[in-house]
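Please read the structure below before turning to the comments.
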Amino acid sequence: MRALNVTAMKKLEIIVEGEQQGFVVDLLDRAGAGGYTILHNLSGKGTHGVHMGHLMFNDDSVLVMIVTAVSVDLVAPILEGLTPFFNKHMGVVFTSDIQVSRLVKMPSE
Amino acid sequence: MRALNVTAMKKLEIIVEGEQQGFVVDLLDRAGAGGYTILHNLSGKGTHGVHMGHLMFNDDSVLVMIVTAVSVDLVAPILEGLTPFFNKHMGVVFTSDIQVSRLVKMPSE
Amino acid sequence: MRALNVTAMKKLEIIVEGEQQGFVVDLLDRAGAGGYTILHNLSGKGTHGVHMGHLMFNDDSVLVMIVTAVSVDLVAPILEGLTPFFNKHMGVVFTSDIQVSRLVKMPSE
């Protein structure tokens, strides 16, 4: 039986309007993220940005949260890749530290 | 093109019964949280609290998770504001460290 | 009025195919986790594991994320309990640090 591998990674939680899901998923694929999970049909409101009163979402938006676990060195490229997108569309990214446990084939297999 | 701003914040994940969503959202608004995202139609069970065997949810509850990112100084007031609510209703709050990336208008704009 | 108790715990986010939800929930119950919350109808893709190109999910999978907060000493037993499961089924576990706020009965009550 193979063992679970535990790896320190970064979790990105990318919240965007549902119709923008495809762009984000493509960006993650191109950036080399190993996968993602999508939470659908979220609602939300972002009336005021922390510093500048930036309107993000209104109550009627149908949002998705795209969750991915990536190595630390992928965080900056993904955020840079999202910057032009966020200049046109609403959204926010949460980054946090996680340990990821998944099954890993042993080299001898 | 404007840059993404990255800010260290606290993520609050507030899990309550769906019908209590309005109270929590109002509390977040009044506390000055800059927005929130709501995950709907969760289920769950909390048979035993960590220390005291506190029944939280049963299998039939329809729950929501209200996610918000706030500055550190807002955590205590929000938890205090939730205390009377949690004396009447079931719920739990997860607090964790995150970095929030969103678009911020430059001062020159 | 009773006060909210804040406890440092580990959050486990266990992502599996929806049909496997029962196994995971039973495992958490047997391991002594005090409860869980289930997010339904997620989608996702795991085309390549970080190290080994392990196919996890395809686009058509309907996934669930089972969220639980446990004390640190329960993390290893739960991951060990999941290992035989992950040798047969797809899945991933995210572990992270959280503070859990919930209502706790005072000893004098």
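The chains carry the letters A, B and C, assigned in the order they are written, with residues numbered from 1 in each.
In the analysis below, a residue touches a chain if its C-beta (ideal position, glycine included) is under 8 Å from a C-beta of that chain, and two chains touch if they have at least 3 such contacts.
On a predicted model such as this, the values are computed, not experimentally measured, just so you know.
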item: Same-site or different-site touching of chain A by its copy chain B, using the half cut; value: different
item: Copy-to-copy rotation for chain A and chain C - C-alpha atoms, rounded to a multiple of 5°; value: 120
item: Euclidean distance of C-alpha centroids - chain A vs chain B, Å; value: 19
item: Contacts with two or more other chains, residues of chain B listed in rising order; value: 39, 96-97
item: Residues on chain C engaged by chain A in the complex (per definition of touch); value: 15, 39, 41-52, 54, 56-57, 63, 65, 79, 82-84, 86-87, 91-97
item: List of chain C residues in touch with chain B within their complex; value: 1-7, 9, 11, 25, 29, 34-40, 69, 71, 96-105
